[in-house]
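First subunit A sits with subunit B, and in the next complex the same chain sits with subunit C.
After this line comes the complex of A and B, so read on.
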């Protein structure tokens, strides 16, 4: 890997990536923990490292409206939020993706109120998963840095032209420093061409965004947006191929199927806790337990076939839910039904048993012992070949 | 997953993003509501476009020289442009001071 090594937390890494991507317009409003990003960006603007318009908004709703307009006029934009800030901006998400504005919003997850909790839980931005935005999590500060560039390239591609939620776990990634390789400016320029919008707003060539339509025009516009998300899925491998080649990394496209020990049980996981899971897998190997890991790289677009193919090699799959959806089917988080739906069309002999683990809610750390517990439950289920319990609440179950 | 193709008779501009209307809807003119007419002093105007942005009826356009032009067919005379002009280049003159007082469409009564 070429470039300068730095010791940075996730948000500082994203700020470095924004500097290299030469972002034009930034809109900010404070909320912990994502604010760290704006601290770094405003410093970069103030000391002349980054030539960008830095706008202080009066709230998250305004933050998104500002970058919506800026992006529609052809500026590369960055904004961000956490927790209840993400939900306060909700109204503007669909107009931005509907208007084909490839805004990038950096999310450092925070638990939704009440009560006030700074801990990381994915429920905040997963609430906006149906709004036509690219959505995915970084596991480390390095991945947060890389995702920033990858998401801009993907979202700004003329075949996609969609906004992106560039997510990382609050505190676990956003505020714990890790090694980040900062590439050369020339590498970034090679990977990420300047932003070009098909129809930028211009006083001399005005366009109308979001006009009133008749209901019978609705299906076409929704199908258009669905096709864009399809296109995004189609070009992700191409973009990551380019990225890996230019920056010397080894990212998988949609999911990382990590199975070093040829296991028949697997954890399906999203975000920072995959780090701890890797340690658990290494330790369990010493005790003779083989556990695999399937880590999501993109939540939207969801890679149905690829996930089904990856999981079909296991007997039992445990979905680690760092989010909550009250009253959802199977009464776990939002990933269990999505994984179940992805597996549904597999022949029965290839379809793994699916169980869920509610873990890390409210930002609690998922400890190694918790992963050992999950491995035990997965192995037990595999031996029994029958599901005993669909959902385990980590910390509340009897051994 | 492959999505269906959109047939010709159902196609729409991508995202519903359309060019600004080029023609005016003659049945819906609102210029007759106006009591005070905004007059832009082009010598004082700095072409900052504040009024162009703020006009709630998009009745102000920019001509080739960059000057602001008010479309009197649609300007309701709300005065937001005059109140916000940073250099005070917009004054408001009673409509009855003008020789031509135009009613832009035939009244139905």
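After this line comes the complex of A and C, so read on.
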């Protein structure tokens, strides 16, 4: 593996990737915990390591508007936020994706107010999951670095041309250093071609961006937007194949299956807590308990068939929900209904029982003991072949 | 800032204005529309090397329909909230792309055409941010004194005493709107030390409007032009009288044309003797309900505005 090994936290890793991607326009506004990204980027610009316009926006809404205009003009852009900053910018998400502007927004998750809570919960950006953005989480600083390059390549591909939420858990990934291999500039150039927008705002080739339509013209446009996300799904394997070849990594496309052999129970998980889950799984194995893990690499596009196929081999699947969707079906988080929908059309014999674990809310750590508890509930359900309880709130249940 | 800029010449009279139009037929604005006329003049003055940003408002909804926009130059829709922020991003992109050799053309004129709501109200934060950061852009507020696109609702620029669909007169509130409008040009100039050029202009004085646009575009950095644009539908007067209304506003002191160019303030078109405001008010349906005491109140407000419109000390930044 070519490159230089560094010890970096997730946000510092993304800043390194942005430097290598030769980003042109950055827009910033401070909010914990993502702020560290902009601290690093502004230093790189001040040092002359990165030639970019660094715009101090007056808020997250303006941050997104600035990169919208910059991306529409043909510049590669980066912005970011956390928590209520993510929700403050909400208006601009659909205009950016509908305008086919492949902006990259780095999210270090934070719990939404009230009350003020710096801890990581995925509810902030999951609220924007339907806005036409590529969306996925990194589990480690290395994956955060890699996703930055992968998302630019995917989002800027003219078959897709969509913005990306490049997410990592606040603190667990954003602030805890890990080993990151920084590749050589030539490798990045081989993987990521210069950004070229099909129809930029350019007086030499004038186009109008975003005129009004009549409602009878709406369905076609909305279908086109849906197709872009299908295109993204289709080309993800091609892009990861290139990435793995050039950088010597082993990423799966949409989901990563960990310890799938001989297990009849599985956790379905997203983000940083997959790290602790892996340790729990290793410890359980020593005790003769086989627990598998299915980690999501992309939330949008959602890989229905691949998720159904991966989960169909288990008797019971537990969805770990580090998000809230108050009043949602079964009172779980947002992933449970999506997983259920993915499994619904499987033959009954192949359809696992589905339960949910509300865990890590408000940014609380999910401990090894919590994963052992989940494994026990999954195993009990598998033995009973019958659901006892649909949703467990970790820390509030009787053993 | 980029050196790839082109200087625009002074226009000495209407017949010397460029014949070439950049804002062309194919839109659905009302007969007698002041903002549409302002757009035509501003686009003419700016010329081909221009990008327009159109935050939501009349000049978005009435100008565009699917695959049909009335501009020969690039135009981008922005939200009513964020026109000046989108323009900031476009400017930053061109600064970076020209510096890094990624764009070979000239640095473009970047013009936001925001309504009074999109600049003085919901768009004020983005406007202030862009002026503070001194992006090389021009923000135009085409001011028809209401949220006209949605059916004439009150905005901060609506005059005291005007009826709108959110400020109807009634027995409890006989004067309709009870608040005085913001002084947007002063707010921008005095609140933003980097801004070198601001101006008030009017569709009643087209050559002056075009020259103010050119002066603003020739500055390196942020500038602001506030254009009074009569609105027959919202103000309730005959469509053939828009220019007459625009001039009457100047003659009564209801609108004052001026510029502040690097600290030098110059008043334009201010008559020696002001006509009473009543002459302006009585020809518009939106003021029909006013009582004599309301008219006197407006007259006193206008008298003090005219008195305070005096030159200011030069700015040294």
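Assume the second predicted complex is superposed on the first by the 396 of 399 C-alpha atoms of A that agree within 3 Å, B and C clash if a C-alpha of one lies under 4 Å from a C-alpha of the other, contacts with A are read in each partner's own complex, and residues count from 1 in each chain.
Everything that follows uses one rule, which is that a contact is a pair of C-beta atoms (placed from the backbone, for glycine too) under 8 Å apart; a residue touches a chain by one contact, two chains touch by 3 or more.
For clarity, every value in this text was computed on a predicted model and none was experimentally measured.
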item: Three-chain arrangement built on subunit A, subunit B and subunit C clash or fit; value: clash
item: Touched partner set for A:121, first subunit B, second subunit C, both or neither; value: neither
item: Which of subunit B and subunit C A:208 touches, first, second, both or neither; value: both
item: First, second, both or neither for A:52, with subunit B first and subunit C second; value: second
item: Touched partner set for A:227, first subunit B, second subunit C, both or neither; value: first
item: A:98 touches, of subunit B and subunit C: first, second, both or neither?; value: first
item: First (subunit B), second (subunit C), both or neither touched by A:146; value: neither
item: Touched subunit A residues, subunit B compared with subunit C; value: C
item: First (subunit B), second (subunit C), both or neither touched by A:70; value: second
item: Subunit B versus subunit C as contact partner of A:217, first or second or both or neither; value: both
item: Touched partner set for A:370, first subunit B, second subunit C, both or neither; value: neither
item: Superposition clash, subunit C against subunit B - the stretch among 98-106, 152-160, 206-214 or 278-286 that is involved; value: 206-214
item: Subunit B and subunit C footprints on subunit A, overlapping residues; value: 203-204, 206-211, 213, 217
item: Interfacial residue positions of subunit A with respect to subunit C in the complex; value: 24-25, 27, 51-53, 55-59, 61-62, 65-75, 77, 91-92, 95, 194, 201-204, 206-214, 217
item: Residues of subunit B touching subunit A in the complex; value: 1-4, 6, 10-12, 14-21, 49, 52, 62
item: Subunit A residues touching subunit B - in the complex, by the definition given at the top; value: 98-100, 198-199, 203-204, 206-211, 213, 217, 219-221, 223-227, 230, 304
item: Subunit A partner contacts - residues on subunit C that touch it in the complex; value: 48-51, 53, 60-61, 64-69, 71-79, 81-82, 85-97, 99-100, 102-103, 105-106, 108, 125-126, 128-129, 132-133
